[in-house]
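Worksheet: the structure to be examined is printed underneath.
Naming follows writing order (A, B, C and D), and every chain is counted from residue 1.
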Amino acid sequence: MGAGDSAPVDYLLHLADNALVLGQRNAEWCGHGPILEEDLALANHALDHLGQARLLYQHAARCINAEPAQAQRFAHLQGARADGALTEDSLAYFRATHEFRNFTLLELPHHGPLAGPARADRDFATTTVRNVLYAALMNLWWERLQASADPQLAAIAAKSLKEVRYHLSHAGDWLVRLGDGTDESRARAQAALDHLMPHTQEFWTGDEAESAAVANGTGVALAELKPAWDALLDEVLAEATLRRPADGGYVTQGKRGLHSEHMGFLLAEMQSLAREHPQAVW
Amino acid sequence: PALQAHFDAVIDADGKIEPRDWMPEAYRKTLVRQISQHAHSEIVGMLPEGNWISRAPSLKRKAILLAKVQDEGGHGLYLYSAAETLGTSRDQMVEALHSGRAKYSSIFNYPTLTWADVGVIGWLVDGAAIMNQIPLCRCSYGPYARAMIRVCKEESFHQRQGYESLLTMMQGTDEQKAMVQDAVNRWWWKCLAMFGPPDDNSPNSVQGMRWGIKRISNDALRQKFVDATVPQAEVLGVTLPDPELKWNAERGQHDFGAIDWDEFWQVVNGNGPCNKERLATRVKAWEDGAWVREAALAHARKQAQRTMKEAA
Amino acid sequence: PALQAHFDAVIDADGKIEPRDWMPEAYRKTLVRQISQHAHSEIVGMLPEGNWISRAPSLKRKAILLAKVQDEGGHGLYLYSAAETLGTSRDQMVEALHSGRAKYSSIFNYPTLTWADVGVIGWLVDGAAIMNQIPLCRCSYGPYARAMIRVCKEESFHQRQGYESLLTMMQGTDEQKAMVQDAVNRWWWKCLAMFGPPDDNSPNSVQGMRWGIKRISNDALRQKFVDATVPQAEVLGVTLPDPELKWNAERGQHDFGAIDWDEFWQVVNGNGPCNKERLATRVKAWEDGAWVREAALAHARKQAQRTMKEAA
Amino acid sequence: MGAGDSAPVDYLLHLADNALVLGQRNAEWCGHGPILEEDLALANHALDHLGQARLLYQHAARCINAEPAQAQRFAHLQGARADGALTEDSLAYFRATHEFRNFTLLELPHHGPLAGPARADRDFATTTVRNVLYAALMNLWWERLQASADPQLAAIAAKSLKEVRYHLSHAGDWLVRLGDGTDESRARAQAALDHLMPHTQEFWTGDEAESAAVANGTGVALAELKPAWDALLDEVLAEATLRRPADGGYVTQGKRGLHSEHMGFLLAEMQSLAREHPQAVW
């Protein structure tokens, strides 16, 4: 456990992909929000996540470029290289769906369960519940990562923790307004919670990237954070007068590259222009 | 009459009228209309640029664009607040927009067809807006002038970023260069029209100038914009799509061709490519969001009642 | 009793029971359940493949996929019609599906993650379905048997097209080959489970066989499928993800590994990756379409009244 | 006017792009239709259009490959070539938004006017109205093109005419059911008609491709078809008890490559996989 070891590339990509994908989803509200102030708040959250993603991808790119085995592993990503080296954009715009390591929770559209090509209105309750579930996790995770043996990751964690404290309080306040607002808002919030909660099981399942990060002191076993996350969640759900759904159901595996049908569509849109001009600099 | 005399004196001295000051009803009405429509423009203006957030071709550009659109929303907020000091409410202003009674800058009735449109909007649309708005920083109505100072600062930053994005593309691939030139071809004339009809066709301008709301004429602003932009276009390496555009040494300014005012008025009056789409999108966001606003209200009332109960 | 004897005689003689014939209530109920669930499977099955119509990577493949999905809808129609001959209605069957009382083939509770999944579904899922369905062409209930004959013909065509699509990819780029192998890895075991639990765990099978509905046991069909598919995999150049899969000369069949029945039952019982999504999508289509069906009904009534008026 | 002249490439692309884009839109209903039979009918229409598009693109590709100036013009389309030659897929999957020449009407999503990134349910009335407006045109247009001096185009016209007669009668029957059904269905149909009718002005405006086609006997000046189209439309609208909107409003220019904000998203999705593997054969 050498001080200054980098976190495993896949661990960094997991963190980065989480931030990018949720940022992409939250940014979709821009110009379409229920209240102008909330349009701006969601844009702000999206910017924070995008900023986190950029720092993490840049760090991951440096690690990949510096290690021949990793460079070989990502040699097929030819787009957006700078003097032959991988960049943040190579990772964000030129990986395929199965190479993304975000939690499935974060890629879902802003509505209840539907197949990939279905079309429906965006639902603010879904957005709010998701943001609470994830921000609660990140509060605990970034907090621990401040002590990462990877100094870049520790620095990113310190910056991100400040941001995500605000995300949690803002989204939590909204969850309380919705849960303890009108009958309609409570019904929507409860439905969103029932839909999204099973997707949080994936937080706790661990995987090879997490084990490798724990092993070299750069990462955290998320299962250790579950009791505190449960406590955070129970507190806000109680205030929101919402019922916590029972555990169970399918455990998603987005962090292993096994996504929902929605991820392909998200990336098709996000990557479309960059892939149309793979050698261009923007 | 004494109030009117005091008001006139402040205006003549280039002073500021503040919310608590007496003002002619026509002055108040004009400002409510102008400020609220300015706010509506910022909000509707989030849509053509927001069209490209999800597809921005690099993370840096995505962040820049998202921040820009967020700023525009923020400008809308400042301006709605400034308008509210004149005795209107956000709900009233939004209702006026959604019903079609209030307008927004017609430049946002055009579609953003390519990524280069985003950079061109930053360079030319924001550029024209800044040229229109800098004089407003000296507007006689205090809250509006102060809002304009904040807005102009941020919009100058946006303009530089848009221009920088175009500069990068113009040093790039052939496709990127073609994309920029095509966007310039589509937006140039529409940006010239942003300054409004020629002075001899602008009856409102006269009163606006008398009240210290409008400081410089449409044609004068338009000329300034052309003169400022031509060298910028040369640095970029794009051709402005006007065969009559050339330096006139005698005038010390650029001559330029005729704007198609018929097309401008058609679009202002509802017959542009995106008028229906822009308004319908804002109306949908408002209507779809009603349950959210109601929930916030309901919760606030419940909290108030709990607080009263605890106090009792 | 005389009716029962006649019925039994027809069954024993491998004859056909037709809609007007007497049949035991349990036989009718079993068939309604089986045929309607088969129909539901075709309809729900349009979703995982329909997921790739808009993104099919060539016009030829887009056309093939669209035609396939359309055929599946058509199969649903035949099967709903066959079930209706037994005294149920489309609305009742759809309500049973949407409420969760009726099931559909659990293979459609998995997502199609890549384009190769489409070809693998054609090759393996349709392949397994055909193996299940060919015996049903000799099913004792006439309408079902005849529907099965039509369905099998079309599905054989689909299977060949899916296989051909994979063959093309396996002769293509490294990415295409990896995509196919990855799809095979994800779908193989799920397709083996399509034949249902092992014979010693399938109580319904016995009665099904007594009634001439089920002709061959689950395990026997599964074995046939493996034996037919292994050489196809070799031609393709893909590895079936089972280290225990090997030819057993003594048995004259392939040995293969153990299926994860826990996972199978979890998914059948609602805990698969796409269960909620599949059903919710069908429910939404139905609910969103209510106004359309009401309009058709209303118009038909108006037409009928006009016709009566004219006749009068 | 030589017998056997090919129609101008841009004319063929206009016809092909119309068919492809409408086929893409109609196919979106697959699995989501209001009635199973209508799911299948729309899939069938989409297949017909896709078939027409393929024949037209194949013909256009042959023309382009055979003429050096055209080959140069499309030299930048490197994807999906066969032995260096342009194919139907090069044209469908590798052109950029501004290179598509379809009427804007056909690229619109299945709902009322909204900005590009807005999300809303699909509306069957919008689909039906659009299909009537376009099928009425194609009945008249394919009928005339049977006499095209371009023999391939004439053959495609003969085949397509049979298909589009059925499209018109099917969509027309539905428009009547909706217009003369319930109050809700009439309101939706009228709203769709009010939204879409102005987009048909583009049919009659002519352009360079049409003029060149008329000049060499391979094509038709659509303006000549307007009276018959008006008659067809007035007949079905009368039976549907719908009010024909007044003429006027913005005239779209999709056939000149100036599209709505929706076209970019449609193509991003449609082309995503092919562009991810530009040299692959499928």
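The rule is simple: a residue touches a chain if its C-beta (ideal position, glycine included) is under 8 Å from a C-beta of that chain, and two chains touch if they have at least 3 such contacts.
Bear in mind the structure is a predicted one, so any value in this text is a computation, not a measurement.
J.: Comparing the two chain pairs, does B-D have more C-beta contacts than C-D, or is it the other way round?
T.: Counting C-beta pairs in contact, C-D comes out ahead.
J.: Based only on mean CA positions, could you tell me how far chain A sits from chain B in angstrom?
T.: So the centre of chain A lies 34 Å away from the centre of chain B.
J.: Going through chain D residue by residue, note those that touch at least 2 other chains and give them in order.
T.: Within chain D, the residues that touch at least two other chains are 28, 31-32, 96, 115, 117-118, 120-122, 264, 268-269, 272-273.
J.: Going by the contact rule already set, what residues in chain C reach two or more other chains?
T.: 47, 50, 53-55, 175, 281, 284
J.: Applying that definition of touch, give me each pair of chains that meets it.
T.: Chain pairs that touch: A-B, A-C, A-D, B-D, C-D.
J.: Using the touch rule from the top, collect the residues of chain D that touch chain C in their complex.
T.: Counting only chain D, the residues touching chain C are 20, 24, 27-28, 30-40, 43-44, 46-47, 50-51, 53-54, 57, 80, 88-89, 92-93, 121-122, 124, 176-178, 180-182, 184-185, 188, 269-270, 272-274, 277, 279-282.
J.: In the complex of these two chains, what residues of chain B are touching chain D?
T.: Going by the criterion above, the answer is residues 47-48, 50-51, 53-55, 111-114, 175, 182, 186, 266-267, 270-278, 280-281, 284.
J.: Residues of chain D touching chain B in their complex?
T.: 76, 96-98, 112-118, 120, 195, 248-250, 252, 258-261, 264, 268
J.: Which of the residues in chain B end up touching chain A in this complex?
T.: 43, 46-47, 50, 53-63, 66-67, 69-70, 73-74, 76-77, 80, 115, 165, 168-169, 171-173, 175-176, 281, 284-286, 288-300, 302
J.: In the complex formed with chain A, which residues of chain D make contact?
T.: It comes out as residues 28, 31-32, 96, 109-110, 115, 117-122, 264-265, 267-269, 271-273, 275-276.
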